[in-house]
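You will see subunit A twice below: alongside subunit B first, and alongside subunit C after that.
And then the complex of A and B:
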């Protein structure tokens, strides 16, 4: 039974750690100095949330938080592929943050009903901070969406690739049925995914980015807005259609993007696991 | 993009104090940026931002320099007013 709980906190912690690491890559490079500070702060928040999830994992496995964060092989990480994707441009980064934080908000809300005390308390605490992250992402999305056509075009392109990878956040955790049985999870991941998708498509529509989604829901095509000035992303672009759906993360299957990130993130720990500072 | 002046206070009995500036396209974004730049280490619980161009100031600060002795406008100028009044009464009695 413990294994089901370890799978949940490891997956959630890994999502936050890996996305936090990607966010932190903007430090020194964000569009302007104020945003540099703001986005770096958000990166720190995410890594802090990871540390909190690892504390629960640590109490169950006996491994230290550092060993969990930095001492595992690539195949032992359980984050969604979405989190490991390179930052690309600012539009992609913001779109991903927007999708991730919406998804995170839904699953944290569900976790607030968890029968597991530590998990429930942590979800309540984290959701307070994630509220601000969502305001940040919403604000940027609105401004890019209502700005010049170049930004909107980048946004739809980013949303097309990021949305399909968001499916990976709602892949069932390992032994999820056990966790549902114990009441640790109250809503199955796939059900949360369906709720997320309908909310996200509505929100995109509200931004003037009407999307048509495929029957499975996770592939979007943007259509021209009523004003006719939205350049629809070409679904025939081979670079975009060949993008993998972004599943597999919850069972440790990652993309080559993660190899590069992992090598960078764990370099110091691998050189000296006992190092302190 | 406009420059916004940022003010914060540490509690509801404290005055708002100027703590810096942010550059932002509008007030909502300015508040967002100011939170991370000036409240990220729990420096306070309240925050204001205002566009710098909405702040009005004198264009010529030389107007503040007094041309003559204005010490009568300070309380310290009246410190020995009791003694002076006594002196004045005495002088009046001698007249």
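And then the complex of A and C:
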């Protein structure tokens, strides 16, 4: 049974760590100083949340938090492929943050009903902190969505690519049925995914970006407006190399993007895993 | 004759432990100490971290440990970090709020936020230097995850607002 719990906290911790690492890549490079500070802070939050999830995993496996964060091989990471994608342009960075934090908020809300005390307490605390991430993402989505056509076009392209990869956040955890049976999870991941999708599509519509989704639900086609202020984008998915919809992360299947990130992120740790910091 | 430590003495020791990032306030002012239990030369302190990802957590634990260890009659110290209940800015004491303001950091106001959906920047941020409400938010994030940056149109000073959470 413990394996099911380890799978959950490892997956959640890995999502936060890997996206936190991508956010941290904006440190020193964001378009202006406030955003440099914002993404550095959001990265610090996410990596801190990862550390807290790894603490639970550590108590179950006996591995240290550092060993969990930095001492595993690539195939042992369980984050969604969405989190490992390069930052690309600003529109993609913002769209991904917006989608991720909405998805995260939904699953944290569900975890507040978990029968597992440590997980429930942690989720309750993290969800409160994450409010500021949502405010940040909403502010930027509105700014770009109501701005000039170039930005809106980039936003729809980013949403087309990122939305399909968001499906990876709702892939079932390993041994999820066991976790549901124990009450550690109260809502199956796929059910949460359906709720997320319908909320996200409504929110995009509210931003003036009406999307039609494909039957599987995870591909968006943005509809060109008659006034010509939005260019239609068909679902094209050149970036999704791991699998068509960015799935596989929960079972350790990652894209070449992760190889690069992993090599960078773990370099210092691998140089001397026994070092004391 | 062995001196018996009491919870009151441990609380007094904790009042000397400064928040590493805001040295003007103690961990007690910040409402980070959930409970203190003393018995059989052993002290147990439950600490509520302010922000999960706060890099000062390790330092706080160390400082709490050394302050409590120094209390006469305490031979063993157990410190537990807990998220139950979650720390909220409503836990900052009135004394803590006054010290934050004197430090130049606008304290969160009121008892809240109670509900998650109430969490956000204040509708009215009050400049800690001149008391004006004629202020504008410049950045949602600041030098630490718990602060936002504002500008005061009255005294023209930038200031930091402690975020409600």
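Assume the second predicted complex is superposed on the first by the 261 of 277 C-alpha atoms of A that agree within 3 Å, B and C clash if a C-alpha of one lies under 4 Å from a C-alpha of the other, contacts with A are read in each partner's own complex, and residues count from 1 in each chain.
The rule is simple: a contact is a pair of C-beta atoms (placed from the backbone, for glycine too) under 8 Å apart; a residue touches a chain by one contact, two chains touch by 3 or more.
As the structure is a prediction and not an experimental result, all values here were calculated from the model.
**Student:** Clash or fit: how do subunit B and subunit C relate after the overlay on subunit A?
**Tutor:** On the shared subunit A, the partners clash.
**Student:** In the overlay, answer first, second, both or neither for which of subunit B and subunit C A:122 touches.
**Tutor:** A:122 sits against subunit C, while subunit B stays out of touch.
**Student:** Between subunit B (first) and subunit C (second), which, if any, makes contact with A:146: first, second, both or neither?
**Tutor:** After superposing on A, A:146 lies clear of both subunit B and subunit C.
**Student:** Touching A:131 in the superposition: subunit B (first), subunit C (second), both, neither?
**Tutor:** After superposing on A, A:131 lies in contact with subunit C but is clear of subunit B.
**Student:** Kindly classify A:267 by the partners it touches after superposition: subunit B alone (first), subunit C alone (second), both, or neither?
**Tutor:** neither
**Student:** More subunit A residues touched by subunit B or by subunit C?
**Tutor:** When the residues of subunit A touched by each partner are counted, C comes out ahead.
**Student:** Touching A:253 in the superposition: subunit B (first), subunit C (second), both, neither?
**Tutor:** After superposing on A, A:253 lies clear of both subunit B and subunit C.
**Student:** Contacts for A:41 in the overlay, against subunit B (first) and subunit C (second): which applies, first, second, both or neither?
**Tutor:** In the superposition, A:41 contacts both subunit B and subunit C.
**Student:** Looking only at the overlay on chain A, choose which of 58-66, 76-84, 94-102 or 112-120 in subunit C hits subunit B.
**Tutor:** Residues of subunit C that clash with subunit B lie in 94-102.
**Student:** Of the residues on subunit A, which ones does subunit B touch that subunit C also touches?
**Tutor:** Of subunit A, residues 34, 37-38, 41, 132, 135-136, 139 contact subunit B in one complex and subunit C in the other.
**Student:** Within the complex, which stretch of subunit A touches subunit B?
**Tutor:** Residues 32-35, 37-38, 41, 132, 135-136, 139, 143 of subunit A touch subunit B in their complex.
**Student:** Which residues of subunit B touch subunit A in the complex?
**Tutor:** Spelled out, the residues of subunit B in touch with subunit A are 22-25, 28-29, 32-37, 40.
**Student:** In their complex, what parts of subunit C are in touch with subunit A?
**Tutor:** So the residues of subunit C touching subunit A come out as 51-55, 82-84, 86-88, 113, 116-117, 119-121, 138-145, 149, 163, 165.
**Student:** Mind listing the subunit A positions that touch subunit C in their complex?
**Tutor:** 34, 37-38, 40-42, 44-49, 51-52, 117, 121-122, 124-129, 131-132, 135-136, 139
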